[in-house]
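Notes to accompany the following structure.
Should a chain be cited, it is by its letter among A, B, C, D and E, assigned in written order, with residues numbered from 1 in that chain.
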Amino acid sequence: MSVLLAVQGLGKSFRGLRAVNDVSFDIREREIVGLIGPNGAGKTTAINLISGAIRPTSGVVRFRGADVTGMPAHRLARLGLIRTFQATNVYAGKTVFENVYVGTFSSRPSGFWPSLLLTAAFRREREQTRSRIEALLEDLGLRDLADTPAADLPYGYQKMLGLATALAGKPKLIMLDEPAAGLSAEEADLISVLIGRVRDQGVSVLVVDHNMRFMAKICNRMVVLHHGMELTSGPTADVVRDPRVLEAYLGTEHSVA
Amino acid sequence: MFTFAILSQIALNGITLSAIYILVALGFTLIFGVMRIVNFAHGEFAMLGGFALSFFYVSLGLHFLVALPIAAVAVGAFSLVLERVVYRRFYQREMPGMIASLGVSIALMYGGVALWGTHQRSIPSAFSAVYTIGPIFVTAERVVVIGVCLVSLALFYLVLRFTRIGLAMRVVAEDRITAEAQGIDTVATYRFAFFISTAMAALAGGLIGQLFSLSPFMGLMPLVKAFIVVILGGLGGILGAAIGGLVLGLGESFVSTFYGASAAQFISFGLIIAILLFRPQGLVGRKEG
Amino acid sequence: MSCAIPGSWKPISERSTQLLDFNGVSISYGAVRAVSELSFAIEPGETVALIGANGAGKSSILKAIMGIAPIRHGSIVFENGKLDGLRTFQVVRRGIGYSPEGRRVFAATSVIENLHAGGHILPRPQVPARLAQVLDYFPRLRERAHQASGSLSGGEQQMLAIGRALMSRPRLLLLDEPTLGLAPVMVQHIGEVIRTVQAAEGFAVLVAEQNAVWALKLAGRGIVLEVGHKKFQGRSQELAQDPVVRAAYLGTD
Amino acid sequence: MALLLDSDDAPSARWRPLARWAAWAAAAAALLAFPLAAGGFLTHTATLVLLTVIGAAGFHLILRVGLVSLGHAAFAGIGGYTSVILMMTFGLPWIVCFVAGGVSAAALALLVGPIVLRLKGVYFVLITFTFGEILRLIFNDWQSMTGGANGISHIPPPWPALMDTRAYYYLALFAAGAAILFCARLLASDFGRKMDAIRESESLAEANGIPVFAVKVIVFAIGCTLAGLQGSLQAHFIRLISPLAYSFQESLNFLVMNVVGGSNSLVGPIVGTVFLVALPEFLRGWVEYQFIIYGVILVVVMAALPGGLVELWQRACRWITSLSTRSGR
Amino acid sequence: ADLKLGVIAPLSGGGTDWGIGTQRGVELAVDEINAAGGLRVGSETYRVSTVTYDDQYSGQGGTTAATRLIEGDGVKFIFGPLGSTPVLAAQAVAAPGKAVILSSGYSPRILTPQGRHNFRVTLATPEFAPAFIGWLRRTNAQAKRVGIISPNDATGQSVVPILVDAYKKAGFEVVLDEKVERGTSDFTPLVTRMIAQRIEVIELDSSTPGDAGLIVKQARQLGYRGMIMQTGGPAIDEVVNIAGGLAEGYTTMEWFDAGSPEAAPLVAAYRAKYGKAPMNAFVPIMYNAAKLLFEAVKRAGSTDVTAVSAELEKLEGHPSLFGAVRWGGQERYGINHQLMTDFFIAQVKQGKPTVIDRVRP
C-alpha cells in the first residue's frame, strides 16, 4: 500500500507556546489512523496544519506525492483531502440537504456557466448528485431530516451532518476531528461502521476522538501526541497497552472492552 | 515658515479634536460591542446633548460645569425610552438594527429641525479666557474640553476593566444566553451600556456645541468620525478608541495645516486605507470572535 | 425489564425533602415537541443522570430548568419555589449552576475573567477565595489563566465551563454533556472532581450524558429518555445491568 | 421562466406552476402598460426605480457573501462619468459608452477587490466607505475632467428618441429585467450556493473546497459592474451628473433598500427600492414632517418584519397555502 | 381660476435655511396678492397658490422636482432653485419653453443666450465681486495678502475663480485658496495656515452662515487681527449669533437693508406670519421676484410662458422693493436676464450688524 499522506517535522507555535512540535507520520491508502492524546496535546492544531487552515512554522506535508505545505484548504479539498471541525460543521441556515449539496462541490466540475445557464449536461449531472446525496443521507439516517434547518438539529445530528457533508466531497483522505463526540454508543457504532465502509471504498481516514471504544474498533494504527510531541505510535493494540499512554491519556480506570 | 509656536498650536488643536472624537467613539463602540448594533443615531444623541446643554446652561443659566453633566444624564435618560421602545428589539441583529437606528437618526434629526429650526446657533463661551503660553494661544474652552474628555475616559476605563458591570457588559457582548446563565441580568446590563453610551455622546455634543456650533444636522460629523476612529483603533475597546482618536485628530490637524483642506481629505483617507491594509484588525484590534 | 419500575421510590406527592420537582413538563419549539409530560424529582445532594440518544430531549430539560427553553405545561419547583416564569439569571440566583452543552465559554475573554463571570452572584469578598478553590480543582486552567478562552483546546474549554458553573456555589449543578470531547483520563478526573467537590459542598447534580457508562458511574440513579418520554428509570447499577439499556446506550462489541 | 427561477429566490416557488405563469404574465403586462396609464412624472419616478433596482441588485449580490460595501454608489459614479465623458468629449456611440461604463467599474473592482477583500465585517465597511469617498472627492475636484462639483449637464440621451421619458422607461425596464434575471440565475446556480455557504461560515466553506477569496472577488466585481451600468443609464436619463449623487449616503440607501426589502432574497432589493423611492412621494403632503415619518417607518418596518417587506408576502403565501390545505380536507 | 407657482429649494440638509427663505418670500407675495382679491389677468382673476419641492441641493433633486412641477402639477413659473447644480438640472428639464425659471444660483453658466425663459433674480458674484472688492481697496489701501476659504461645492468652485480675478484686478495678491468639504467644523488648521502665511484679508466667499461664523470665531481666538470679508452668502446675523463678541469687524454684503423704510411692510408681514425666526436675504429677493412675475403676467394678459418672459424683460424701470428694475448681463452672458440691484455693505460694530455703505454694481 503506497503512502498517501506524509507529514515530516510538522511544527506550530502560538506566541511561544509550542502547540505542535516536530511531528512526523504517514498515512497509507485504505488505512484508518487514530490521532489521540490528552486535551491540548495539539491534535486539532495538527489537523489545521495539514488541511491548510493555518500555516505551519516548520515541517513538510506531502499529499499523493506532492508537497502541499501551506496550500490553501480549498485546493487541498479539491485534491481529495477533506477535514471536519471539532465544533461547527454545519451551515446553520441551510437545510440538511443543502449542507450536503455544498459538500459535493469539491468533487464536481464547478463550471460557472453550465450551472448558470442550466445546460442539459449540468442538469443531468445535478440529478446524479441529488440521488448520491439522498443515498448518503440514507446511510447516516438523516433522510427524514433532509429539509430541516441544520440549526434545529440536536448536537449529535449536527455531527452526523458534518460527516455527511465531508463525505459528499469524495475525499481520498478524510480527517475527522472528534466525529463521535456527543453521540450515543449506538450512534457511535453506526459511525464506525460507516467509516469502515468508507475505507473499503478506498478512502484513508485520520480520526481524532476521545471515545476509545470507538477508536479501538476502527483504527489500524494510532499516533499519540503529548504536549505537541509524538509520544508513541503503532498498531492500536500495542498503543492502548503502552504504559506511557495509559498514564498520560487513558487513565487507570480504562479498559478496552 | 512653520515655527515651533505654530507646530505646538497645531498639536493643541489636534488634541482637542482627538478628545472629542474619542468621547464620541467610546459610546459608539460600546453599543456595537455589547448589542452588536451599529448605532447610526449616535450622532443625533450628540446633537441632543448640544441642545440640552444650551437649555440648561443658556436658558436656565446653570454653571457650565454643572449644566454639562446634567445635560448628558438628561439625554441618557431620554435615550432609555428609545432603548425600551426601539433598540431592545434589535439587539444582536446587526442588519435590522443598523437600519432601525438609521431610522431613529433621521427621525431625531428632523425632529430637531421641527423644534429648533435649521439655522446654526452657538453656546456662548463659558470660558472666554485666552491664555498665551509662550507664543501659543490656549483658549480656556479647549482646556475644558480636553479635561472633560480625560476624566470621562479614565472613568470609563475603570468601570469597564475593574467592575462587575464592566465584565458583565463584555461577556453579555459575547454570548447573551450563557451570560444570563451566570446570573447576569442581561437586560439591565444592556440598559446600562446604552445609557453610558448615549450620555457620553451627549457630553461630546455639548462640547462640540460650545467649541463649534449647534444645529440639528450636526450629528453626521461625530458619527462618521466615531465610525472611523473605532475601526481604525480596532474594535479593541478603550485603548483602540483612544489611539484611533489621537491618530485621526492629530493627523487631520497637521495634514490640513500643512497641505490645506482638500489635500487633507485625500491624505487622511489614504492614511486610513494604508493603516487598515497593514493592520487588518485595526491598530490595537484583536481578531473578532 | 428488571428496572423499569416506576414505583421504585415513593411518588412525588409524599416527598417533601426534594430539591427539584420537575412536574409533568412539556417542552416544544414551535411545532417540534421535544419533551412531553415528563416528571421526576431530585433530592438534595444526590446525582441523577439523564441519558438518551440524540434528540431525546436531555438538553431541553436542562434548558427548561434554566428558563432558556419555554415550557408548555407542567411546573418546575426548586426548594418550594416555582422556577417557571423566572428569567434565567433569577434561576441562577436561586442556587442553580449550569454548564451548557458545547461549553460556550466566553471566547474573547481570558480564563480568569470567565471564572469571574461565573462568580457574578457571589458577594465580592468571597470571589478570590472561590476562584482559588476552582483553580485547584482544575490545575490546567491555572496554567492557561490569562489565555483567551477561545484558543483553549476543546477539553480545556470543557473544564472551564464546569469550573465557571461551580463558581457560584450552586446547590444544584446542571451539567450538559460534561465529558464531551474530554480525554479518558480527563473524563475520569472530572468525575472525581465532581465527586470531591460534591462531597465538600453537598450540592445535587443533574447530568445529561451520552457517555452512559460514565454517567451511571457518577450518578446514584438514572433516567433514560427516548424522544421526550421517560423510558426507564432506576438505580444506576440496575440500569447498567439491564440488557436493553446496555444495547442502546452503553454499547456492545 | 419557471426554469430560470428554480431557486429559493422565487417567493412564488410554493405556487402551482400555472398560477406562477399567470402571475408573471400579469406582472409583465402591468409593467409594459404602466407608462401608457401613468402621467409623465409617475413614469419618470418609475424609470428611476427601475434604474435604481439594477444597482440595488448589485449591492444585494455583495451582501449575499456577507459584505456591506459603502463604496457602491461610487462605482455607479465610475460607470456614469466614464460613459458620459466618452460620449460628450470623444463622441463615441452610446452603446460603446454604456458598455465602457460597466467595464470600467468592473476593472476598478477587480483592481481594488483583492486588496479590500482582505478585510472582513466592519473593517470592510470602513475601507469601502473610505475608498468610495476618495472616488467622490476625485469626481468633485478633478474639474477639468468631471466638471467638478457642478458636474456635467446637458448630457445627451442614448439616442434622440429617448429624450422622451416614456421611451426611456422601456429602455430602463429592459435593462432592469435583464439584470434581475441574471442575478436570479446566478443566485440559483451552484455559484449562488457557494456564496451562501461563504456567508454562513468561511472556514467551513474553505474546507469544503470553495475558493472563498476568489468567489468574493468575482461577486464584488459583478456587483460593482451592475452599479456601473446603472450609473451610466441614470446619467443619460437625468441628463446631468454630479458628485453628490455618489456619496456614501447613497451607498447607505442601497443598504436600506436591501434590508427593508429583505436581505436574503433577490426580491428584497426590488421591493425595497420600489418602497423607498415611492415612499417620499406619498409623504410629500407633510413637507415639514416627511423625514420624521420616513424615519419612523424604517423603524416600524424593521421591528414588525425583521426579514424585510418580503416577509409580508411570504406570510401571505403561507396563509394562503394553509387555507387551501385546510379546505383540502 | 387657479394659478400654481412652483418653488424648488433645499428643504433638507445644509442649505435648508435659504431654501425656507426662498419658500417664505414667495408665499408672502402670494398671500399679499390673494388678499388683494387675486391676480387679475385680462378678464380672468386667478387665485395663486404655491407648490414647493425639496431639491436636496442636488442635480438629481433638481431634475426630479422640476419634472414633477412641470409634468405633474402643470406649473409654468418656478422660483429657485438656488444651488448651481439643481438650477442647471431644472433648466434642462424646462427646456424648451416649458416654464419660466426665476433662479438664484451663482454659476455663470445659468444664463445663456438660448435660455430665453431663465432669469436670475439675485446678483451673482460676477456682478457684485468687483464692486465690493473695489470698495475694500478704497477703504483700506495698505492690505495686500488675501486668503480665500470657500466650500468645495458647486457654488464655491464656480465662484472662486471670479473672486480671485476680481482681487487681482483690484491689486491684491491671493496667497491661499482653501476649499473646505461640507460638514467641516474645525477650521483652526486653515486659520493657523493663514496666520502662518501672514494673510491680511480672509475672504469667506460663499461659505454657509454657520461656517462663516465658526471661521470668524476661531480666527479671532487664534489671534488673527486682519480683515475678515465675505463676498457673498449674506448672513451677518448668524455670524454674530455664533461668533458673538469675536464677530467685531466682520464685513459682508447685504442684498437688502431690512432697516430701511421700504422694507418695513415686508418685515412686518414676515413677523406676523413666521414669528421671530431670523429673516434671511432670500425672503426679500424671492418676494420681489414673485411680485415682478405677477406684474409681467398682468401685462402679458395671459400665463403663456413666452409672453410672460417677454414682459419680464420689458419690466426695465418698473419700481420694485430693490428700487427701479434694471436688467443686465448682455455683455457677460449674451442675454439681459440678470436682475441688477444695488447692494449694501454691512459690518459688525459694537456687536451689531450695521450698514455702512451702499454700492451699485
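Everything that follows uses one rule, which is that a contact is a pair of C-beta atoms (placed from the backbone, for glycine too) under 8 Å apart; a residue touches a chain by one contact, two chains touch by 3 or more.
From a predicted model like this one, the values you see are computed outputs, not experimental measurements.
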Spell out the chains that contact chain A while also contacting chain C.
none
Name the chain pair with more contacting C-beta pairs, choosing from B-C and B-D.
B-D
Which chain has its C-alpha centre farthest away from the C-alpha centre of chain C?
E
Approximately how many whole Å separate the CA-defined centres of chain B and chain D?
33
If you average the CA atoms of chain B and of chain E, how far apart do the two points sit, in angstrom?
36
Chain A to chain B: how many Å between their CA centres?
48
Chain-centre distance (mean CA atoms) for chain C and chain D, in whole Å, is 51
Where chain C touches two or more other chains, by residue:
none
Find every residue in chain D that makes contact with two or more other chains and list them.
137, 141, 291
Taking each residue of chain B in turn, which ones touch at least two of the other chains?
110, 113, 262, 265
Write out all the pairs of touching chains, ordered by chain label.
A-C, A-D, B-C, B-D, B-E, D-E
Which of the residues in chain D come into contact with chain A in the complex?
3, 6, 185-186, 189-191, 193-194, 196-197, 200-201, 203-212
What residues of chain A sit close enough to touch chain D in their complex?
51, 53, 72-75, 77-78, 82-85, 88-94, 98, 101-103, 105-107, 110, 112, 115-118, 165-166, 169
Applying the document's contact rule, which stretches of chain E touch chain B when the two form their complex?
12-14, 16-17, 20, 149, 152, 176, 178-181, 183-186, 188-190, 192-193, 195-197, 208-210, 213-214, 217, 221-223, 238, 241-245, 277-278
In the complex, chain B residues that touch chain C:
164, 167-168, 170-171, 174-175, 177-187, 286, 289
If we count contacts the way the header does, which residues on chain C are in touch with chain A in the complex?
29, 32, 51-55, 59, 101-102, 140, 151-156, 158-159, 177, 180-189, 210-212, 247-253
